[in-house]
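In the two assemblies presented below, chain A is common to both, partnered first by chain B and then by chain C.
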Partner chain A sequence: MQFIYEKLLGGKQGAVGFFILAALILIVLPLFLDMFRLNLVGKYLTYAFAAVSIVLLWGYGGTLSLGQGIFFGLGGYAMAMFLKLEASSPENTAIQSTPGIPDFMDWNQLTELPWFWLPFHSLTLTIILILVVPAAFAYLIGAAMFKRRVGGVYFAIITQVIAVILTVLIVGQQGFTGGINGITDLRTLNGWDITTDSAKLIFYFLNAFLLLGVIIVGRFILTSKVGSLLLAMKDKEDRVRFSGYDVANFKIFIFCIAAVIAAIGGAMFTLQVGFMSPSFVGIVPSIEMVIFAAIGGRMSLIGAVYGTLLINFSRTMFSESFPELWLFLMGGLFIGVVMFFPNGLAGIWQSYGHYITRYFAFADKFFPKEKTNLPQLNTKES
Partner chain B sequence: MLSHAQSICSFKLKSLKAGILALAATASISAFAADTAKVNTTGLAITDDTVTVGILHSLTGTMAISETGAQEAEKLAIKQINESGGILGRQIKIIQEDGASDWPTFAEKSRKLLVKDKVAAVFGCWTSASRKAALPVFEKENGLLYYPTFYEGLEQSKNVIYTGQEATQQILAGLDWVAKEKKAKTFYLIGSDYIWPRTSMKIARKHIENVLGGKVVGEEYKPLGNTQFGSVINKIRLKKPDVIYAAVVGGSNVAWFKQLKAAGITSKKQTLLTISVTEDEVLGIGGENLEGFYSIMKYFQSLDNPNNKAFVKAFKEMWGEDSVIGDVTQAAYLGPWLWKAAVEKAGSFDIDKVVEASRTGDIELTTAPEGYVKLHPNHHLWSKARVGQWNKDGQATVVFESELIEPNPFPKGYQ
Partner chain C sequence: METNTDFTLAIENLTVSFDGFKAVDDLNLYIDENELHVVIGPNGAGKTTVLDLICGKTKSTSGSIKFLNKELTKMAEHEIVRSGVGRKFQTPSIYENLSVFENLEVSYPYGRSVVGSLFFKRNDKVINKIMEIADQIQLASQLETEAGLLSHGQKQWLEIGMLLIQDPKLLMLDEPVAGMSVKEREQTADLLRSISKGRSVLVIEHDMEFVARIADKVTVLHQGKILAAGDMDKVQADPKVIEVYLGH
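After this line comes the complex of A and B, so read on.
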């Protein structure tokens, strides 16, 4: 019990925050939103996976990745490939020159399914690949860079470059990938119509539970010894190295975990939105994911979810109400948060929460007198 | 100040005139302006005197520059329809959404328009990618989309009316013309790398090789947004094709034509035929950079007929003297009019009935700026193909005009 409380929920403050978030996305939003809006929230929550992964990687690991879209995209594409194969049964594609292959392959004069599409006939294999491919890819990138002690700005730039390369590859190889259009028109999952309202509701809750699960896993990692080491590395990497730890391995580990989390988000995105396109792989979405985390507070797993929801809700609302002006409003929001609340939404709660709760008896419990319960290394110069 | 006051005056006069017109029209229509329950059995956003439609184009992002003209034309058409009495006695109200040059946003906003706003029709989308993203939503929610861009074909949805040309309509007549007039035998194909140029080039190659007995001496695709055409231009110099056949899109065009000119490949020595340059693109490229080259389109702003003169005048009155009108803008203008004709034929706003009416093959517009158009049961338009030669001022001189061409989105022998 103590283990669960301290390690998975992060103590009293963490537990309260976690249950408030769970109540919001599992009870409040489904009760008060209609199916259309709820489906939109479901879509936003898939971005939240990427934002949470960035909190782990950047906020705690100190390594900024400007390429989380790569992994979001890999997960999304893997799921889309499975759904597309199912949608391209010979009966559905009878008008094509080669029935039984996805429509865009037919338009590009392909006559048989490329080999790397074959595993996606099986749902089990697809789910395994959604988890394994991003992790393996992240391991390759991470090993190539962290082992050579490439970090900081250089790492950010290289991840960005990889995002661009992957986009160019997907757009260029349109016979294999659907090109700029992406993989569209996905309708069923093992014969089950995923476009109905009931399916959307099920995916919403599946998505919400997965997200909460990911947050618990993230908490567990951060409160474990690995978490302490990550924080130590972020502050004084050399000292950790001189203490005998292989810094690169820990960075690779957290990078792989972040990749898998983003990929789960991508797969859930495909299921809920019904298509996948290269516009989720490139630089712009990758940077947006960092913005979600930054707005939410880059040291807070839960804050990242709120940040994602705030930005995406604002984007939808602003663009519906002011189709000509909404980008300026979004810009204003970003600048405002960064100027006045450099620690994001989580920072607002930390700095101003006690003004709200000080009138209540339980205020001390939320904002204990000692600064923080995060593990800290003694970083004083000796 | 003065001009402002004048414009207010003329606006008032105009709206007064429109009001009278509308009154007269309503009076004459009200005889069959059936009550709302009858013309709207599926719960669309229709009241006794209004009907709501959606406009969904990119107002922001890279596509905004291309899509602005389309949404302006749709608003003009809707304004004119309202002034002449609306549809079934109802004035059209517009809900505009921004697709933001982002395909998933198009899907999200389509859903919003259909599910939340219950619009009776949507005029929108521009790129194939945005249409492909929105298409499943329209099919699922049973909406009606009027899509204005010339595109690759290979699609025919119950829920979409395609008001631009599909690939064979645009391509074949132009190739025949260049083979006959310019005695062209060898062709060099170049395009941006995505589905529309690739499909178009596939059709062009089959036509060149199988029908015209010519030869394709090169075929190249460059990534979207590419600005380096040096290597292609060198290959073109080496192969000396009779015709460069181009489908380079968007911003790449500026680099493409400037680099051609810098390399000394001008219309004096080289015939170039493009299927992707309209007046809108010329604005960015600069008329001097493609003077003498040819475009194949169904519409040019300079078309000399009374319909087009009235259209250009009305467009400039509404959107400013400097506005240019390209092929897609004109096709977008047809959308609301085709919808009006189909609704009136069906006597109902119900999507299924409007689609059924559209499929009869009787929906036609005699007032289209491009001339006469007719809606084919396959949801595409019968239209003419025209070859225009570009002038320094950014306008084209039409040098060839085909007969009405039947739309054929799934061309046999070209796949």
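After this line comes the complex of A and C, so read on.
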């Protein structure tokens, strides 16, 4: 019990924050929003995976990736490829010159399914690939850069370049990827219609639980020695290296974890929105994800979720009324937060959260402290 | 030349050149077991470069560095540390945002792989060791203090403590008393004398009074070469040393 309370929830303030978030996305929003709005929130919450991954990688790892869209996209495309293959059964595509392959391949004169599409016939394999491909890709990028001690601005630029390359590749290889339109017209998952309201509701809750699970995994990593080491590296990288640690391995590790988290978000995006396109891979979405994390507070996993929700709600509201002003507004919001609330929304919680947490005094009783001679750990997570 | 020696550290024919400038030139230096060896020399003599070479921060151009008969010049930094070489930097390198306790815990030589760190547990053994070291560096009462709030001298001691907890066989300190008060210098000298039991210590220092107090053996470095070596009295009487330090 103590382990769960201190390590996974982050002590009293962390636990209260976590349960408030869980109550909001699991109870309050589903109760008060209609299906259309709830589906929108579900979409925003998929971006929150990317924002959470940026908190781990940037806030704690000290490495800014301007290319989390790469991994969001890899996860999203993997899921879309599975759904597309299912939607392209020979019966559904009987009017094509080659039935049984996705429609855009047929339009592009392909007569055979490319080899790298074959694993996506199986849902099990697809789920494995959603996790493994981004991790492997992140490992390659990470090993190539961190082992050579490339970091900081150079890392940010290179990840951004990779995001551009991937977008260009997807758009250019229309026959293999669906091009600029992306992979569309996704209908069923193992025969289950995913466009119905009930399916959307189930995906919403699946997504919410996964997000909460990811936050707990993140907490576990950050409260372990890896978390202290990441903070230590941000401060004095050489001291960590000359304390016998292979610094690059820790950076690669957190980069891979961040990639997998973003990819889960991408896969959930495809399931809830029903398509995937290159516009969720490139520079703009990648930078937006960083803004979500910065607004929420780059040192706070939970803050990242609120940051994502706040920005996307405002975007929806303002772009319904003043579409042309939205970008300026988002820029203004970003500058405002960085200037006046450098710790983002989480900073406000840290300063004023105790007004709320004191009503939750029972939390400490619920998880009684074991008697130990341990000096108390100052958890940095909020 | 593949020869084994009884020395803890044997540096032979070590040279490093930066764009043709030889910062360390054909250096030979031997450190015995349990010896407290001090390297002195004017600015730019190559003292810090020698430490950088030993701990792998700088790669040598030629020559060999043998630590317990293990060649260090080809090893990665973290492997050198794991084989038992600890190095303190000139400016205190501690983790300002972590507490004193966490600083020592992160330096504890166990769970150094990613998986090992993920499942590292703060057990009694770790805590007792941290307490023991904290006592030694006189920071036992400040374990929960954020390290950034310590005084300059305390930061220096904390970094020494972070090395001690790894129990290195060779401890290298780059100007450990720079910027310290007279009292702190005395305390540091006592600390160095006590920690040099059971290990070899290599210190770089400017303060001659401090050197005289701690050194078993002194090497004077000048323009990347050894000018004189021996005990403090002998070195101080050496006319070449006097010229380099007082001449010009």
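Please note the rule applied: the second predicted complex is superposed on the first by the 349 of 382 C-alpha atoms of A that agree within 3 Å, B and C clash if a C-alpha of one lies under 4 Å from a C-alpha of the other, contacts with A are read in each partner's own complex, and residues count from 1 in each chain.
Please note the rule applied: a residue touches a chain if its C-beta (ideal position, glycine included) is under 8 Å from a C-beta of that chain, and two chains touch if they have at least 3 such contacts.
No experiment lies behind these values; they were computed from the predicted model shown.
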- Query: Touching A:I180 in the superposition: chain B (first), chain C (second), both, neither?
  - Reply: first
- Message: Which partner chains sit in contact with A:T316 here, chain B, chain C, both or neither? Use first/second/both/neither.
- Response: first
- Check whether A:S228 is in contact with chain B, with chain C, with both or with neither, and answer first, second, both or neither. second
- Task: Figure out whether A:F242 sits in contact with chain B (first) or chain C (second), or with both, or with neither.
- Result: second
- Task: Check the residue A:S89 against both partner chains and state whether it touches chain B (first), chain C (second), both, or neither.
- Result: neither
- Item | Residue ranges of chain C touching chain A (in the complex, touch as defined) | 55, 57, 76-78, 81-82, 86-87, 89, 93-99, 101-102, 105-107, 109, 111-114, 117-120, 122, 124, 127, 143-144, 159, 162, 166
- Query: Contact residues on chain A for chain C in the complex?
  - Reply: 221, 224-226, 228-229, 231-232, 235-236, 238-247, 249-250, 253, 373-378, 380
- Item | For the chain B and chain A complex, residues of the former touching the latter | 59-60, 96-98, 100, 102-105, 107-108, 111-112, 115-116, 128-129, 132-133, 135-136, 140, 152, 154, 193-195, 198-199, 202, 223-224, 410, 415
- Residue numbers on chain A that touch chain B, as the complex places them: 36, 39-40, 43, 95, 97, 103-104, 107-109, 168, 171-172, 174, 179-182, 184-187, 195, 273-275, 277, 279-280, 316, 319-320, 323-324, 326-327
